[in-house]
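Each of the next two complexes has chain A plus one other chain: chain B in the first, chain C in the second.
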Partner chain A sequence: MSEDREILRELWNGQVPVHFVLSSEEITTVETPQPYFALVPRQTYFPLCLEKVNRHFLKSTSHAANAEVWLDWEGTPLRLHYPVGVLFDMYANEGILPWTVTVHYTNFPESELIHLPSRDAVEAHFMFTLKEADSLKHKNTLVSNMQKKDHKQLWTGLLNDRYDQFWAINRKLMETSTENPFFRYIPFRIYQPDKPFIQTLVRPVDEEGRRLTLEQLLKRTLPDASDRTVKIQGIRVPEQTPIQWLSEHFSHPDNFLHICVLDK
Partner chain B sequence: MLSPSKLSPTSPTVGDFDWKFEILKQLHRRNATESVCFKPVFEAYGKLFDYSDSLKTQTAHLNLQVEKLKEDIIRGGGNGANGGSLERVGLLEQKVYKLQEELTEMHRRKGENAQQIVDLKNVLQDKEIALLEKERRIQDQDATIYGMKQALKQSEAAVLELERSNQLMKDEQQALHMAYCSLEEKFRKMANENQELIDRWLKQKAAEVERMNAETENMSKLKQRSLQKDILEAAKDQVAINIDKLLNHDDLPMPPICCVVIPSTARQKMDAHDGEVNAVRWSASGRYFATGGSDRKVKLWELSPSGLPEVKGTLTGSNAAVMSVEFDSAESLIVASSNDFAARVWTISDQRLRHTLTGHSGKILACKFFSGSNRVVSGSHDRTLKLWDLRSRACTQTIFAGSSCNDLVCYGSQNIISGHFDKKIRFWDTRTENAVNEILLFGRITSLDLSPDSLYLLACSRDDTLKVIDIRNNQVTVTLHAEGFKIGCDWCRAVFSPDGQYVMAGSNDGVLYVWNLVTGRHDNVEKVLKEGHKDTITACSWHPQGNQLLSCDKNKKVVLWSDM
Partner chain C sequence: MMLRGLEPDSEALLWKMVSVGEYRDAIHSFLKLCSGAGEEWTPFEDDMDETRLMIVKKQIIVVGEGSAVETYDDVNSSPVDTNIPLYFEYHVIYNQPFSVPQLLFTATRPDESLVPLSALHEWVPQSLISSHSGDQGKQYLWETLTQIEHPILHRPIYALHPCQTSSFITQIRKFSK
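For the complex of A and B:
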């Protein structure tokens, strides 16, 4: 469908303006370093796009180049293993653009964040999440049967922001057959501020064979919630949208549907 | 929801379009607000950021260059004025830098070389020292070689000489051999001749023997005749002597015992010998006495009619000190023993040496006539006693006594008593080899003497006592001693008086002691004769008639004691 394709394209092109500031504790030079501005793709992860930022800020600190970097937003450490879009929707909601983020190199908050020391660790995390999603959708048959180069192509596509390269493989993961047009379960995570995310087994159709909508999903998972804003990929998706379609089109590259539920 | 899902789950429915459209619209809005509006700004920012970064690095680089150039100009001085030649200056500087580096390298090498030179110099010095050492050794070796050569030459010369002499010897030997052969030939001839001569001589000898026999027969007849004549004369003499004796002595033939008087004055002091006087002895008749000394002489003295002694003769022949003298009973012979291991016999009439009795291997301290004038017994330090027969001039018996003999006396015709160094007195019978008896005293025996009746033996021992021993039971009957009486030597002699009543001995302080045996007081000294000697008295002798004494000491003196 042309709309579907355009939607996928638009989703992929989503970027957020970020204003990086070095934490005042880290500055060791007389001069306060200039802030750094960047447009970061929503689909990617922060550790993959901090190279230039590090190069800029490490001039002003005494720390070694291999010091592990971490970020916070107004005192809240950002979980770097979440995609950038999710973090943006969670914290920069209604905020002023560009989104201001503080960069740290020391005092790693061990209790709140997990270490992602290198690009390989991010890749491993990404592939793990991908497999989890696949096992929910197809009993983990597709990813396991893929060749190593296909895995690599998925990763490099994400890494280098290549839509065509990524979707050439990802399409296979999103396909459904005519005899079984639905996934087994929908891989989704619901995020709420200051709470762990929710992940349950939800089939894309109800007992009568009707397609399950986002509204129904939210009712099932958060029955007592009212007055909330639901954001997927930064927009308020109409509640009647079937979750099967959402999973196929609105999932992040890790094939999970990341749903942010915010108080109004 | 109105969507007819059964028809086609994937195909969009009319409702689908609504939410899809809505979604699309929202997405457009989202991107428009979030990214599209920022895109040109951020792109421009990125470009500017990169540009500024590159500019910064460029500036830094240029600054560095400027600094360097400034430095170059300062260093380059006037040359810097040329301006256009900055590049050249740089080149030159590079060159200079290179050259400097080379220079330092050279310096380093030079230092290394210098070090090497020093090392080499040291090595060279060592080598030179070694060389010198070697040269010195070579010189030494040369010298040795030269010496060797010289020696070789000498040796060769010697060899040649020797060869020559050897040749000479050979020739001589040849000649001698020839001479020997001829001599042998001669000898053989001579031997034959000799044989012939011997035969002839034997024949002549036989003839001579016959002639001699006849002559001896004649001689014996003549002797017999002269003997008969002598006997007749002698018969006449004997008669005269018998008359003489009867006239001289009122008593019967016993010696005049009653005449024993102990003189108290030293009538005559004589320097008899040079050095020690070892022996003095009266003859049996009292006419003569003899002394022997360490001057190897025996002196024969005769009493003059006035009663003073005169030297009648000096008997020589001994090669060492004379230790004892004795007359025979007939007053015809004197025997004297000497330290030269020999005993000698002289005749008194012509004072000639008759016999020299050799055979002992030690000095002879005592020598006595034994049963007549033809036998002599001697006792020596070689621990033997020897009996000699003067007729055959031979030793007839040797008695192994076991200890050095200091004195001996003869007793009867067969018995000998000897006193020894091992404090023993031994009794011998010449018919047996072993000692018949022996008595142990407390000191070395220095002299022995028999009483006139041959019943008592006087022994002088070095415990400074005199013992009178009864020979019949070999018991000491009397022990004599005196205060101040000390035996002076191992051959100090003590004697009985002729009547056996007194005993006399000399002390080492020159005092002569006389003890009386008859009084029964054995420690009572009858008489002490001082003022005769100043040195150790070695021997003394009592005149056979009992009224005169003789004593001798170690210092030349012989003293005649007499009251007449």
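For the complex of A and C:
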């Protein structure tokens, strides 16, 4: 794994260009506010990086400064608990860049979106997902045996964009040995347009001990899909890649492989 | 109060990992017990995936003046007065990554709006979180009682974190006696 370490840093630094526009329903001033452009890290969650966006738009709306913000893309509310990179790959795809999203401060669509009103909420969601991945990968979970300060370090590493701080702890969750070269199950989620994500139990090796590839994982979970584009971290990964390797190198900070399957 | 109806046997399940088979057996036994006791839990199966067996129960909880709370299983039997009825729907599912049953629920007001998580957090008695002080107590709440994407229905729902469920329930049982 150490030879491929550069890939980890490259992926960590991935960003996507976003064009934020205030919803016309929110505007209470005479002038239409200027849009706001930003390069947003793929690995983060929108609720963590909208401070500047809010400051920019709240001049144009009479809504309270602590109003809960939500976003939509062409009318589809964005699930703010998904990593930014996943949302981008699903909705922006090969379309016009930068990716345009609309900002709202009222009428939060409660039946569709989970509330993440504070940093504590995002932290709880992140840690919960991380523990889920840990439970899938290791028979005896590692995260629950870590000290509280190590949990905090994972979170603050993500929050403050500190690659070294994050990976100092995360490497323990990605470690394998010669006796145990594989994770128990691979944590992954498959996203398709207008469908709920798919998450099932898949081992990184078959009964004969051969490494399972991305192609084989997709065959097991999406037997009917044929003509498609498959992206992980915004990259069209070769489908012959073993999923054990992908799990170690292409996972998001939550330790999940977020796989986007789109029509060609 | 929301856990009235979980039999003592199911508490043991929450302490250790269970297989899908054990979960399914426990749910079927539980359903048999419930029909005898007049408790309304409805099972839902996914023909393609036996791990997605889910049971659902609806309940109306009336929050009166001075936080007196009464529960009703049927909307027709609850009194029509100034008390506010809240509509709870409980789901028990099998959480596959953690290999344990998990309790999920929704809580809505008569106008169909969601009871906010912050309000639910306030209802948790101090004694249940007393071992965690100040900010830690607040964070403990966020880690224990949260809103998640329902693993089967893929819509927002409140959830008891599987890891905290057993200790949380133990505290509630102590408290409610």
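Quick notes on this structure:
Keep in mind that, in the parts below, the second predicted complex is superposed on the first by the 260 of 264 C-alpha atoms of A that agree within 3 Å, B and C clash if a C-alpha of one lies under 4 Å from a C-alpha of the other, contacts with A are read in each partner's own complex, and residues count from 1 in each chain.
Simple rule for what comes next: a residue touches a chain if its C-beta (ideal position, glycine included) is under 8 Å from a C-beta of that chain, and two chains touch if they have at least 3 such contacts.
From a predicted model like this one, the values you see are computed outputs, not experimental measurements.
Upon superposition of the two complexes on chain A, no clash is found between chain B and chain C, which fit side by side. Shared-chain residue A:L113: touches chain C; no touch with chain B.
Once chain A of one complex is fitted onto chain A of the other, the partner contacts of A:F197 are limited to chain C, with no touch recorded for chain B. Which of chain B and chain C touches more residues of chain A: that partner is B.
When both complexes are overlaid on chain A, the residue A:H125 reaches chain C alone and has no touch with chain B. The superposition places the C-alpha centres of chain B and chain C at an angle of 40 degrees about the C-alpha centre of chain A, rounded in steps of 10. Using the contact criterion defined above for the overlaid structures, shared-chain residue A:T221 touches neither chain B nor chain C, since it reaches no partner.
Contacts of A:G14 after superposition: chain B is touched, whereas chain C is not reached.
Of the two partner chains placed around the shared chain by superposition, chain B is the only one that A:Q244 touches, whereas chain C remains out of contact. Within the superposed three-chain model, A:L136 lies in touch with chain C and out of touch with chain B [touch as defined at top]. Least inter-chain distance for chain B and chain C in the combined superposition, rounded to the nearest angstrom, is 25, based on C-alpha atoms.
By the touch criterion given at the top, residues 96-99, 113-114, 116-117, 138-139, 142-143, 146-149, 151, 154-156, 161, 163 of chain C touch chain A in their complex. Contacts from chain A toward chain B in the complex involve residues 1, 3-4, 6-7, 10-11, 13-17, 36-39, 97-98, 176, 181-182, 205, 209-211, 213, 233-238, 240-242, 244-245. Looking at the complex, you find that chain B touches chain A at residues 1, 3, 5-6, 9-10, 12, 15-24, 26-31, 33-35, 38-39, 42, 45-46, 49. Looking at the complex, you find that chain A touches chain C at residues 79, 81, 110-115, 120-121, 123-125, 127-128, 131-133, 135-136, 144, 187, 196-197, 199, 201.
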